[in-house]
Each structure stands twice: as C-alpha cells, then as structure tokens.
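First chain written, first letter: the chains are A, B, C and D, and each begins at residue 1.
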Amino acid sequence: MNSENFSISEKIVSSSYIRQGAQARRGHEQLIRLLLEQGKCPEDGWSESTIELFLNELAVMDSNNFLGNCGVGEREGRVASGLVARRHYRLIHGIGRSGDIAAIQPKAAGSSLLNKLTNSVVLDILKVAGVRTVSSCFVVPMATGMSLTLCFLTLRHKRPKAKYIIWPRIDQKSCFKSMITAGFEPVVVENLLEGDELRTDLQTIESKIQELGAENILCIHSTTSCFAPRVPDRLEELAVMCAKYNIPHIVNNAYGVQSSKCMHLIQQGARVGRIDAFVQSLDKNFMVPVGGAIIAGFDDSFIQDISRMYPGRASASPSLDVLITLLTLGANGYRKLLKQRKVFSTCSTTFQRFAVQEMYTNLAEELKKLAETHGERLLETSHNPISLAMSLCSLEKQNDRAVTQLGSMLFTRQVSGARVVPRGTEQTVSGYTFKGFMSHANDYPCPYLNAASAIGITKEDVTLCIKRLDKCLKTFKKEKCDQSSTLETSLTGNEGDPCE
Amino acid sequence: MNSENFSISEKIVSSSYIRQGAQARRGHEQLIRLLLEQGKCPEDGWSESTIELFLNELAVMDSNNFLGNCGVGEREGRVASGLVARRHYRLIHGIGRSGDIAAIQPKAAGSSLLNKLTNSVVLDILKVAGVRTVSSCFVVPMATGMSLTLCFLTLRHKRPKAKYIIWPRIDQKSCFKSMITAGFEPVVVENLLEGDELRTDLQTIESKIQELGAENILCIHSTTSCFAPRVPDRLEELAVMCAKYNIPHIVNNAYGVQSSKCMHLIQQGARVGRIDAFVQSLDKNFMVPVGGAIIAGFDDSFIQDISRMYPGRASASPSLDVLITLLTLGANGYRKLLKQRKVFSTCSTTFQRFAVQEMYTNLAEELKKLAETHGERLLETSHNPISLAMSLCSLEKQNDRAVTQLGSMLFTRQVSGARVVPRGTEQTVSGYTFKGFMSHANDYPCPYLNAASAIGITKEDVTLCIKRLDKCLKTFKKEKCDQSSTLETSLTGNEGDPCE
Amino acid sequence: MNSENFSISEKIVSSSYIRQGAQARRGHEQLIRLLLEQGKCPEDGWSESTIELFLNELAVMDSNNFLGNCGVGEREGRVASGLVARRHYRLIHGIGRSGDIAAIQPKAAGSSLLNKLTNSVVLDILKVAGVRTVSSCFVVPMATGMSLTLCFLTLRHKRPKAKYIIWPRIDQKSCFKSMITAGFEPVVVENLLEGDELRTDLQTIESKIQELGAENILCIHSTTSCFAPRVPDRLEELAVMCAKYNIPHIVNNAYGVQSSKCMHLIQQGARVGRIDAFVQSLDKNFMVPVGGAIIAGFDDSFIQDISRMYPGRASASPSLDVLITLLTLGANGYRKLLKQRKVFSTCSTTFQRFAVQEMYTNLAEELKKLAETHGERLLETSHNPISLAMSLCSLEKQNDRAVTQLGSMLFTRQVSGARVVPRGTEQTVSGYTFKGFMSHANDYPCPYLNAASAIGITKEDVTLCIKRLDKCLKTFKKEKCDQSSTLETSLTGNEGDPCE
Amino acid sequence: MNSENFSISEKIVSSSYIRQGAQARRGHEQLIRLLLEQGKCPEDGWSESTIELFLNELAVMDSNNFLGNCGVGEREGRVASGLVARRHYRLIHGIGRSGDIAAIQPKAAGSSLLNKLTNSVVLDILKVAGVRTVSSCFVVPMATGMSLTLCFLTLRHKRPKAKYIIWPRIDQKSCFKSMITAGFEPVVVENLLEGDELRTDLQTIESKIQELGAENILCIHSTTSCFAPRVPDRLEELAVMCAKYNIPHIVNNAYGVQSSKCMHLIQQGARVGRIDAFVQSLDKNFMVPVGGAIIAGFDDSFIQDISRMYPGRASASPSLDVLITLLTLGANGYRKLLKQRKVFSTCSTTFQRFAVQEMYTNLAEELKKLAETHGERLLETSHNPISLAMSLCSLEKQNDRAVTQLGSMLFTRQVSGARVVPRGTEQTVSGYTFKGFMSHANDYPCPYLNAASAIGITKEDVTLCIKRLDKCLKTFKKEKCDQSSTLETSLTGNEGDPCE
C-alpha cells in the first residue's frame, strides 16, 4: 500500500501498529531496491513472501493487468484460464520483441524488468561460479542444443563461406544435432585414450584446420561437462588455437556451471585464447524445470548479435523459474550448493538431510568399494569433476546381453540416471554413423556404468543407488536374471544418452 | 484413491457415502478415459477440479516424484524452489528427448503423456477451426518466428542447393528475420494495390521463380493473418504454383486459427495445391502466455522431420498452458470464441459481459462512424477478417508529426494495440531496407490507424477504444497536442510492428 | 513498489513504460483507498489481481512476516507447513484478542485491518440486502447455532433470573440445541396451520409470557428462513410483543440474507418493535465454506457485548473467505445474485449459464407441473420465499416406506438437498421429544418433498432435479423399487434436517 | 488414474514407463492406506505431492464436486470465488452435523473422512507427546477459551445445581472469561510464593470446596502452561482432590503439548486422580494459524457429550491445517520439534538454521548472563518448562515508568512476545478486580520480563532478542529513553496477556 493508504489505515487500526506495518513493508522494498540498483543475486535468499510481493508488483505493471486498459491489438495478453494466469503470476507477455529477445516491450514494463533483471542476476551468478570476466549473457527459453544452433546460425552471417564445425567427439545426440540443424557439416575428431580417460586430440584438430582452411570452418565446438571416462576438453589449448587461426570458439558447458573446474577452464580459455560464447543448461545447473539455457560470452556485441538473431518474442517461463530460484537461494545458498553438492531438496521434504562430506567424494568412494567387491574397478578419470565410471568387464564376460540387462534392472528398481555403456553399439545420427556409440570412442577397452554427482544429489540417493546396484550385480552372479526380460535393451540404450 | 483405500474408508465413514464418493471419482476418471482414448479436445470443458486431478496424476508418474527414486544422473528433475515446483505441477522433465521434441522420456511417463496428448488435442482443435484434413502437428516452445526458422532449416536438408525464399511482403520483423536467421535470402515481392487492399502479386512471384530457378528456391513463405489494408495471401493460387514448380510452401498463419477465413484458405490451398507446413502462435490464438507455436501440416513424415530437427529437450510450459486452456474451454467453448469473438475474460472478472453481436462487425461499425465524424474513412478491406484500418488523411495534412503523436496519445491513454501507420517511414532490417515500412507497401496512398478484433476482445474494449480515440482526434482539432511530447515518436513506430 | 524503486526501474526499462506501470499500480491503490476510507463493499467487484495484491499487503504488516522480527512469546505466528502458510496468505494471527473478538492485535496490524474491514463490508452488505438500519455486526468463526448460543450467554448476564426461551417451533436440531447448550429451557410453541402454511401462533406466545413471567424469559427466539410449509415467523408482531413485555428478541435468520422478504421482516420488526440481534450463516448466504456466521443488531453496545463475550482469539478463515468473496462480487454482483438467484458458478465452469427468469419462479413452476402429472400438488406457501414443498400423498398411500425410499433414491441419483418428510416421525433431541419431527408440526396433513431455490442455484440444477424426480416417481408407479433397499431409511431422515 | 486409464495410456506412451508410473502411484496410495487403516500420524512426513493428491481425492468425494450433482437444498457447498474454493482444496462443507461436530455428513464423505482422520491423528500425537492413556479427542474450530466454555456448558447439564468454578489464579483474560461466558462464578484462589515460584495453594482450594459444598462446584479449572514465575498447577494433587470430592476437573493445557513436563502432569493426574478433559490450542502447539483447539480426555462418552454440545456444523479450516501439518512433519518430525524446540521454519527460508542445543537451555543461559550484566537476575522457576522471567528491579528503582517503557521499546524494535510485568497494575475483568494483574499474584516481589522458548523458536530469535534487550537496558542506563514516548504504556500492558 502507498503512504496515503497507510495513513487512512491509521484511522481503523492503532497508528503505532500501522506504522510498524509500514516499516515492515519498507524492509521488503529495501531488498527490491538493492536488486534493482545492483542487478546482482542477493547474498541471502529472499523469503517466499518477498518474492511473491515482487512478482505481483511486476505483474501490475503489465498492460494486461491495467484496470483501465482497452486492447484492440492482435496480442493483448488475454488469458482464458485462471489456472494458467495464476501459474504465470499474470505475467503473460513473455520476453523480448521481434527484433531482439532481450528487448523491452512497451506493453509490458513488468515483464521487461523481469527479463533484464534475470539476465543481470544470472550474469552475476556465472561470475560467482567462476567465470569472473564474463561480460554478457541472456537466458533463452530453448534447451542447450537449440541454443548452440542459434550461436552457429549467428556465426554464419559473419563467416558466409564456412561449412564445417570442428567437434571433438562426445556421444550426445543433441549437441551433434545442433550443428546438423544449423546446416553445417560436423568434423568429428576422435579422442585420445590417456590412461582410462578420453581426452581432446589437439594435434588432429590442428591438422584438420590446416586441411580444411580456417575460413571454411565456422567454429570449434568444444565441451566441458560430459560423461566419464571422457573428460572436459582441453579448453585452454583449443582457445589458443582458435585465436591463432582466427576461428570462433563455442563451448558447450551443458552442466558445467555447477563445477568450479569446468568454469575455471572457460575462464582460463578466455584469458589466454578465444572463446566466443559458452552455453549452459538452466535445468541442469539451477534445479529448475527443463527448457532454458544461458548463452554467455566475453564480447557484449557478439552476445547481443545472438540475442537479435532470435526472431520474435519468447516464453518468460524459464526466466521466471531461474529468477525465483536464485532469489530463493541467494548467492550464499548457491555457493553452498556448489561447494558441497550437498543434500538439498524442495519444500516437500520437511527435514533436510545434510551431507557432511562432498557428495562427489562420497559417491566415488562408495562406487570404488562396490566395484572391488564385484571384481570391477572405478575408472580413473580425475579430470572429470562430475561423472564417474565403473567397469563392467566381468559382467560382459558372463553374458553378451548382461550389460544392457543391468541397465533395465536398475531402471525398474527406480535407480534413475545410472547409465550402462556396452561395447560395440553402432548408431547413425542424422546420417553420420558412430561406432562404439555412447562411449565417446570407436573402441573403448571395456563396458562400464556411469553415475554422476550432480547438483542437488543427496546422501540418500547415493546410498540407495549403491545398495540397489549391489543387489543387481549379486543377482547376476546367481545367474537369475529373470526380471531383466521385462524391459527392452533399447530402452537402456536410449536412457544412456546424457544430452538426450 | 484406489479401490482398496475406498474399502478401508468404509470403516471410517458410512459405506453408502463412501460408495457415492467412489462413484463420483469414476466420473472424473471417465472424462480422463475419453481424453486418453480419443485424443480429442472434450466437447464440454472440464472443471478445474478434474484438470488439477489429472495433472497431479501425470506428475505422480514422473520419476522426480517417485517416493523411492534415487537419482545419479546429471538431470534428475530436482527443483530448488517450492514456488517453482508448484507452478509446474511438479512436471519438471520438459518434453521430448535429444532426438525428437515429440519423443517419449523414460524418466517421465507423465510428462510424455502430457506432450502426446497436447499435440493430439491441438490437432483436433485445428480441425475444429477449419483445416479438416490436417494430419499432424506439434507444439513447440518457441514463438512463431523461430518456429518458421526451424521449418526452413529442415527444408535445407531436403533442398541443399536452395538459397532463396520467396516472400510476399508483409511488414513484420520476426517473419522477415526468421528467414535471415535460417541463413536464406528473402526475395521480397511487393503487393498489388486493389481498391484499398494490398494483395499478393502472383504474376511477379511466378516470374521470380522462373528467373531464379525452382531448385534454387527453398520455399514460398506466405502469410494469412496480417494488418489491414494488407489482406491474407492468395493461398490457393500460391499452393497451385508451388505444386506446379515443385517448390515447398510454408504458411505463416500467426493468428489465423481464430479466423475461419484464414483456416479455410489453408484448407483450400492444401486441397488444390501444395502446403508443406503452416505455423501459428499459441498465445495469439489460444489466449495463453507468449512463447509457443504449433507447427502443422498434411504430411506426417515432413512434420516429424521438423520435430526431429529440434535438438534437445524443451520446455513443457507452453504445452501445459494450451492443454489446460483447451480442457477448460472444451471444443464447444473454443467454437463459441471463434464464432462470436465475444466477451470472454479470466476468472478475475466475475460477471462476464456477453456480446450480442460479433465483435468484428461491432468494431467495424463503430470505427466507420467515428471515421466519418472526423472526415476520414474506414478502408475497405473485406478480405481481412480480423484487422481494420481507418484513414488518417486530414490528420496528416494538419501536421507532419500528428500521426505519430496520435499513437503516443493512445498509448498514454491505455489504448493498447491501436497502431498508427504514418507514410514515408523507412527501416532497415538485417540489412534490407523497407520503404514505407509498417504499411506493407513502398507508397501506400494514405496514413492510417489499425485496430483488430482478436480473440477475447470485449464490447468494453471496443467502446473504450472508440471513446478515447474520439477524444484524441478532437484534441487535434483544437490543436492542443501538448501531451504527445512526452513520448518519443519511435515508440509508436515500434509498437506498430504486429509480429513484434 | 514504492516511488524510489519505480525511479530506479526507469534506469533499466524505458521510463515512459515504467511511469505507465506506476500509474497502473495507482489504479489498484485507488480501489484499496476507497475500501479503507468508506469501509463499504465496492460497487464493482475487484479483479483477483487487486485482491491478492491487497491480501499480500495486509500480510506484510503482520509481525510473523517482518523480515527482522525475533519472537520470544508463546504465540508468534510461526507456521510449520508451507502449504498452510500459503493458503492463509500468511495471515496467521487470527482475529481478536482475549477480551474481544473484534479487538486489534498489536502483533498483527494486517490481520486486524482484515477483521475490521470485513465487519464493515459485511455491515454494508446487510444494508444492501434490506436491513437498512442495522448499526453493528461482526463475523464470528462459528456456525449459526453456536452463534445463537453466544447471544443467549450474553443475555444471561443481563437477565440473571431468566430460565426460559420462547421458541416458535421449527424442526432444526442446531437452533434447538443452541438453547440447550446455553443452559436454557426452550418453551416450544406449536405453529398454526393456515391453509397449507404453518405460521406463528402469536396468541399462545403471549399467554406463555404471561404464564411464565417476562422476567423469567431470556428472550423470544424467532426464525425467518425455514423449510416450507413452515413460513417465516410473524416478526413484526413478535417484535412489538417483545417491546411491550420488555423481553429481548433474537432472530435466527440462517439463510435469510438472500431473501428480500426475510430481510424486510427484520427491518420492519426493528422499526415497530424490538429485535436485539439477528444471526445469519456465512456459507448459506455468501457462497463461502461452512463455518462462519454474522451476528448483527441495531444497538452497538449490545453487539459489542456479544463480541466481548467470546473468550480468546478466533480463526480469521471465515472472515477472509467472505471478504474475498464480497470484493470479488462487489455490491452489484451480490445484488444481482439476490435479484435473480440466477446461475452463478465458480471459475471451474468456463461458460456461465445465465438464467432468464428467477430461479424461484422457475423451480415453483416446474415442481407444480411435475406434481400435477403425478397426482400431487405444490403446497401453497407463498410466505416462504425460498423453500417449496410438493405433497407426496399418493406415494404414501401406495406404500408405507415409499416416502423415505424416495429420499434414498434421490440421494443415490445425486439429487442433493431434496428432502422428503414422511408423517409420524418422532425424535428426541436433548431430552425433548418432537412428534412429527421434520414437519414443524405434530401432525401435518400430508407427507411432502422440499426443494429450495437458494443462492447460486442454476437452471441446470432445477432441470436435472425435476428430471430425476420424475423418473423416481415413475419407478414407484411401476412398483419396481428395488434400488431403494440399498440405503437405510434413517439416512434420508437425517438428511432432511435443514439446519443439520 | 484407475487401472483402465493406465492401460489406455500404454497405447500412447511405452508400456514399461506407464507401468512404472502406475507403480509409483501405488507408493502414494500405500501411504494413504496406512493412514486410513491405522489412523495414526505417519512416522515419516509425507511429501507435498502426496498430501495434495490425498486432499484432492477427499474433495472429489464431496457432493459439491460431483460432476453430475444437482442441488436444491439450502446449503450445497457452492462457492462464488475461485480463490476461496482453491484455498480450501474445494472442501466446502465443513465438519460435523447439527447434532454433533464429530458426525458424518451424507453430502460430504470426503470432508467427513478428513474430520475423522484429523481427530484420530491428533489423538495419536497427544499420545506421542506424553499422555499415553488419552482415549478420545476432537478438534474444534474455536480457540482455547471458547473451548473451555463449551466444556463448562456440557458439565452444567450434569451438575444442574453447580454455580462455582474453582480456579487457581492465572492472569490470562480468556481463561477467566471462559468461565464468565459459560455463566459461572469463578472462585479465584491465590497462589503461594515458594522461592521465586508461584504455586498452587492446595490447602485453600480444599477449604473452598468444603466451604461451598462439592455439589455446588461445577469443576476445578486448573492450568499447566503459563508465564513464569507462575508454574504449572499441582495437577496430581488436584486430580486426587477432585476424585475424593467427586468434582469434575478441566485442565487448561493451552500450549502444554509441546512440553513433556506438562503432558506428564496430565498423564499422572489422570492416573492417580480425576481429569475430565484437557484443552489445548492448535496454533500454540502445532504451528498452525490461530483458531482451533483440541478437547481431549480419558472417557469417550464425556468427550462425545462435549462434541454433541456444539450446535451446528463448523469450519474445517483448523482441522485441515493441523492435518496437513502433521502429515508434513510426521511423528518423527514432531518428536524432533518437541525434543529440541529447535530451529524450524517454513519453506520461505531455504537454508534451515539448526540448533545444536535445546533452545530453552540456550535462552535461559543467555538471559541469565544478560541479567547479571545489568544487575538483575533470572528468577528461579525450574518447574516452568517453557517460560522464563528476568527481574527488573533496578529498572523500577530508576524510574516509575521505566518498566513499561522497556516494553514499548522492545515492541518498536520488533522483539515480539517479550512481556514486561510492572508491579501494582490493577485490572477489572468482567467485574472482577485483579490486583497485581499480569503477575498472577496480588503483590509479587519484583517487576520482571518474560521470554518463552516456544515451539519453532530459533537460535536467531534468541540471539536477536538478547542483543536488542541489552541495547534497550543500556539506553536506560544512559537515561535517554526518548523513543519510549512514542508508544502508550497501555499497549505493552495488553501485550503482556499471554492468553490474549
């Protein structure tokens, strides 16, 4: 209420109480002021009460909520269903305008503020997460793959002759398809096997550049976060190479924001060489629903070029989700999540289970123990900060189909995200055939199982997963694998695609 | 509750009451059964109670809501904020998989059902709206422009040599940019002035085809819904031409679902010639928030190709919105909206104001009367079923800037969507310069003002708009235009872009 | 947002848009200002957006929502469940203080405002509904019966010698029990049969007063709304009698606010005689959930005495419900409901069905027609403005149990509220035995069925009820009453108690 | 969804996924089954998802949500406002019937189940909290005071001659008024000063019984939870005395459920003597909004008599709140709250602050330290398990008004619940004058300040309170008490009433 209404209220309820109420209101306003002034994620999270107050204030500024508005356009933010209006806090106009997804809408000052603030808060949190010199970013309501496509389409206008994208192999369909969809020809560079790890083959990449001619190459498309035993690409060296040959460099940082290692690689790459843009998933890094990504970079004008390449308005839903989430967590809350990847859960769980050690270490230790019990081993992939892999050699020996059967068994036992990778799978994606698909290599030495310690994982997740996995492996020993027949092999095969 | 729980309840509460409760539950289940079986929009709208019951049921089927799930993947549908979880009904996994936005997710049976059903219900409603032979469609969480881009990118793989898109001019930035973003060169074909109307110049288009060579043309990109005095393209003739020359045909049907004329044009085009896909906005046709579109067509395999071209998962938010809305309205409800474009508002307004006549007719009559009072006239654009235009000749004579000032005045008076189009505006979009921008023609004979009778418009909107417009025009007569100085001309200029 | 925050926003989003947003906010503030200043129900209903904004503002003023509060009391408004906090809009402190349910709470300025405003708005709406000279009222979170008890307990302190309450018989348990619970002895006065109607026996009442002695009588407890063929008491004459003998007069106006006749009776009674308080149900008159009542009267100090008699704080939930409802409807909306008792439904039904005639008349006509078809008649009870009764003579003749069987059949066919009244039922309530229970008379000439046209009834309700009733009656004619055995007679017996 | 709908879904989405979804649903059903079968608070809390699913299921069983219902009664559960319907989960019919607040409603099987289950779960939790032999209880939507009144009114029917209630003095208005409202004469028995504590004067009570005659005494009305230095009454001895003289015994256990000591006293009292009913607040013990109480006892038939004394239906809102809360917490969660009275907060606070020590001990230690610093002392009141008192002797010496000024200062500094008790306050409540009001004694030796460690208190509450209190006391030392003039003394006086 404004000061006039507070004054009138003093005639109804004792003025000292009303004045205290008005002062309490200023407490919320003060938090909003800081957000507007600084454009940063608040250090401490806001209460739901402040967040909803703020969102209501934004909504009131949009023309579809004007009490005296009359609309005779073709888009007036009318909503037929009350359920729908409410779930969007009556913010209906989306974000952006025809010319630019980051542009301001005359009809929707509130939605425009939401858009600007979200991008600003997200930029701040990317810095908090380790890319200190990032200068510009925007949230786009498309998943990582389509966002990469948008980057490639933007580059096309700058490099009209270019036909190729150099891509150190990573077996994820959507990042491969992002190049195909944009109309380019991926040049797949196989990885080198170093110990158990699959690492970027810099030499082959450089010779490819020389072979194809730098001007014919749209960009190098590298990857940070990935499933072990592949590890993040050698970003520094690639960035230096891009600078040397004057080739753009786009980084797929899908779920790398949660890892200080991945973020460090990007920061270093940008410092010593060239990174034009890095793209990350909203849902995988910020615990929001699927459907958004952040496109970020170090050159404002290039990032703006990308945002101007998106034709038309866009859904505000992913922006709203990430803004609510970051205001709820605060920078401190997000930092804690990053530091500990500790137990964190939604309000549905009343008593939050707190982890005393880092979940990644915990998962690694537990998997290692389990592997040894079953005559397997935890692959040594220390460059991969999130994903782990446990060999499944003896299982493979026992039975050709046992590896895929294990996947099915885990699925039916509600172990989600545990991905089994058999050897010898061949798959054709958009006309390109990958040998040893899912393993990032034509012929990886052994089959294995992946598990990841991703943001939000809990001690209970690890404990249950290890317990069920142990049970499944014991079942194989007894050669009673009846359950496995209920699910098709192909199911697990698909499940395994980490970028799916 | 299942039958077991109903039985136990009979020990607590009189069994005859419980049995009646169980029977009542079957009533809701029956509605859900029909939806699942037929995949059609129910004739009568569902109650909020049934809708929420259904959405809760879907959510329960997704792994992030499994009570015994343990997750060790990199994406587990964890949500940090309770506000966010609730506003998505705990449906977190989005839609689609890496390979296909229409694909099923193993981790999310409920979200997958949601996705399939939405596409199926939307297909049904497109038939209801007039394109009876449409065979396939899907909802995509991108606005119309980006969806058109996706269509063009898909065609590229089928026509690798093609560089051009033939495009009868329509002054909307996002549809122009959709071609640029996809990397093609638009061939802009000016419209013919027939009476007051701007209509497709078929002859020029055909000579362009012959000049450039059919195989070099990606497609013809035509438009239905548009601002008067431009009228929907001659879709039948264009479709016949596309068939003759074996050129794909993509139709921008932005807000045309609400118009039986536009839908009829598409139906006829497909009957006598070739239409590969038609794209429409969710928000403009279904009264949902901005951010989604429907890509539809007559050939299942081509539509599926497009859906497979989207790399990665996508937001379920637009699908959820349109499904809720269509279940709330029912086919009957939507039909009524189409028939009457009558007063319809969200629950916030308790008493709905019912229109006794079609809003379009009402708006036309009122505008006509007003125009005559002020020495102007309603342009004769009978082929345009939604948008109307009133000349502003005498205003222009009075004062060079008066036309744009009128736009500003209407904006500050909360008349949203009334778009003024001065003459002589020149604008460069992505390197292409448009003379007479906003008027769809290099040199339209007069400046004018647009108003549209779009879905959800109310009698009150029309009355208020006419009243305020009248007041503004009178102000000009008195030559007291002080207020207009508060807003920049450019503002109204941008506001005028209907596809913004 | 306050003006400072709007100013800062102008640096982020174009200032003309922000200023328009700020102006729009003032629109909502203006509505709130009027409410605070006048304390009246707004003429036009508010949007959900304004209502939620207002409730959020109130919540912010309560200490449990202070950002810097520390609490060391035994009641601090802490809430364990987020679901609970949200459903109360974070208004946790309830209403009133130990001394007075209408008192202001230091810890909860917002809840206190809510309480004061609700009582003020409700007072206004009682005037709108016809009791123009009502001077004071308050909402109490107890149903009608317990509220009557509170009135009687308050009177006890004023009339310490009084033991009796004179009560023209009406067969509703809770109003009878309200006297028992308060510790008084009801003096039940049988009604006179005039035509089909049961009317107040004034002469017997007066002789009872003389017999018992006015000073031994706590009050006369009369009734307006009731099931036909009983009709509202002769309030004017009773009020005059109360004035004459100096006896308090409490009126049970359970669902009479919706009837201008009932309200007129109260207004007249107060004008010509004495009415100390009249009590009405919130849920039955205002379409809110069960659990609240309004205690109103013409003497501020007596009404305040009652409010001070309630020991301790109380739930704000009924106040919140009725305030939201009246702000949503507006006085105009409520007036329309009163005038037409027309189709009105919650948001779940998208298309509201509008009645063209008064529902009461419609129901009466339909029942009459039906009655004649089946050899029965609609009882003539024109003094009862809400309830109707149709004789069931031929049914009774056919079969002793047929009347109660009809009740069961209607129940299983989801006709709710249709109440069958067989003859000869005897029931003992709190030690007092009623002959002919449910019929308000020891020996009413015929059994009958009641149906009421209460607020919110729809044309569809009437149509379906008549149709199903017709079907049931036809079944009896065919003497195939198998279904009736599934439900016990007693069930319908209980169902029939209108005050249950 | 029922099994039929799951089957149909298998045609749309892969059957293995649907089957897993169906299995997941059974997980929720299983939790519901246990609740229905056992009627106990689940050990582990439910997720919001299960709770909402369950509430939706209940709502579906109520006739107002039947899809085919037609209503012609005077109460049909119609709701005018969607906001209102939703906040009650569409459970509109309240609880109880005219005859009994615990009775089942034919029209509302779901609400009836809700009512029965709530009472059953609450009974279980009373046992968990320490009264193991409690046999019957019910939730009533009235605060503690009015609930006590209901108990007294019920007893009246059993002891028609009784006029007096014997009441060991406790300075809380509402419990005093509960007797006045019921129409009885309180016999106030002053407490004995033992050390710092005020304790029950058993001897005086016994002589009062003998003086007045047992048959003239309605009951003894004792108290457990109270503000220090008063301590819980000697319940065992009182219970024995009640048994000896055959006098009913009603215990005001306002916020005693949270204290094992208070609950133990009740358990012991019932074991060795007579306790007819004990009444406790919902909001003070279960962190729900104000407005409900639990009436419990050891004799089913007496508790049922009380429930039958409530005339008419009642609000389900408090029942719904406490059921949601207990399902959210689970018995384990509630036990933890009891054990630690540790930091626990709503979802609005993302990171919950965990206390490492019992809050009561913490508060006591901190207060003690602070008292010593300022030349005061923590009163020794070890029999009071919740409330603490710190003397304010030197403050009183300094300045007559200083004690009340301190109260005002704390209020304006957002320290809520800290209650200052000056000496010599006299107050008349319902005609009875209390000397030394607020201190439970005519002439307590010193003024003091109360602070309580009540359920939900956090470490931060304690720290902030001590810090601000310290600052205020220092201000007095500097004799700069300017701020105190802004608030009236009387304000703090009222604030101090713990039962307010």
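In the analysis below, a contact is a pair of C-beta atoms (placed from the backbone, for glycine too) under 8 Å apart; a residue touches a chain by one contact, two chains touch by 3 or more.
Since the structure is predicted, the reported quantities are computational estimates derived from the model, not experimental observations.
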Based on the averaged CA atom positions, which chain is farthest from chain C?
A
Chain pair, B-C or A-C, that carries the greater number of C-beta contacts
A-C
Chain A and chain B: spacing of chain centres that average the CA atoms, whole Å:
29
Interchain centroid distance [CA atoms averaged], chain B/chain C, Å
46
Quick check: how many Å separate the C-alpha centres of chain A and chain C?
55
Two or more other chains touching the same residue: where does that happen in chain A?
14, 20, 24, 47-49, 52, 63, 66, 68, 80, 82, 85, 105-106, 328-329, 346-348, 350, 411, 414, 491
Can you list the residues on chain B that touch chain A in the complex?
48, 51-52, 63, 66, 68-85, 87-88, 91-95, 97-99, 105-107, 141-146, 148-150, 153, 156-157, 172-175, 177-178, 180-183, 225, 227, 254-255, 281, 283-284, 286-292, 309-318, 321, 324-325, 328-329, 337, 344-348, 363, 386-387, 411, 414-419, 429, 451-457, 460-465, 468, 491, 494-495, 497-500
If you look only at chain B, which of its residues touch chain D in the complex?
1-2, 4-5, 8-9, 12-14, 17-18, 20-22, 24-29, 31-33, 36-37, 39, 47-50, 52-53, 56-57, 59-63, 65-68, 80, 82, 85-86, 90, 104-106, 109-110, 112-113, 116-117, 347, 350
Chain D to chain A touching residues, read off their complex:
14, 16, 20, 24, 45, 47-49, 82, 328-330, 332-333, 336, 346-352, 354, 411-412, 414, 486-488, 491
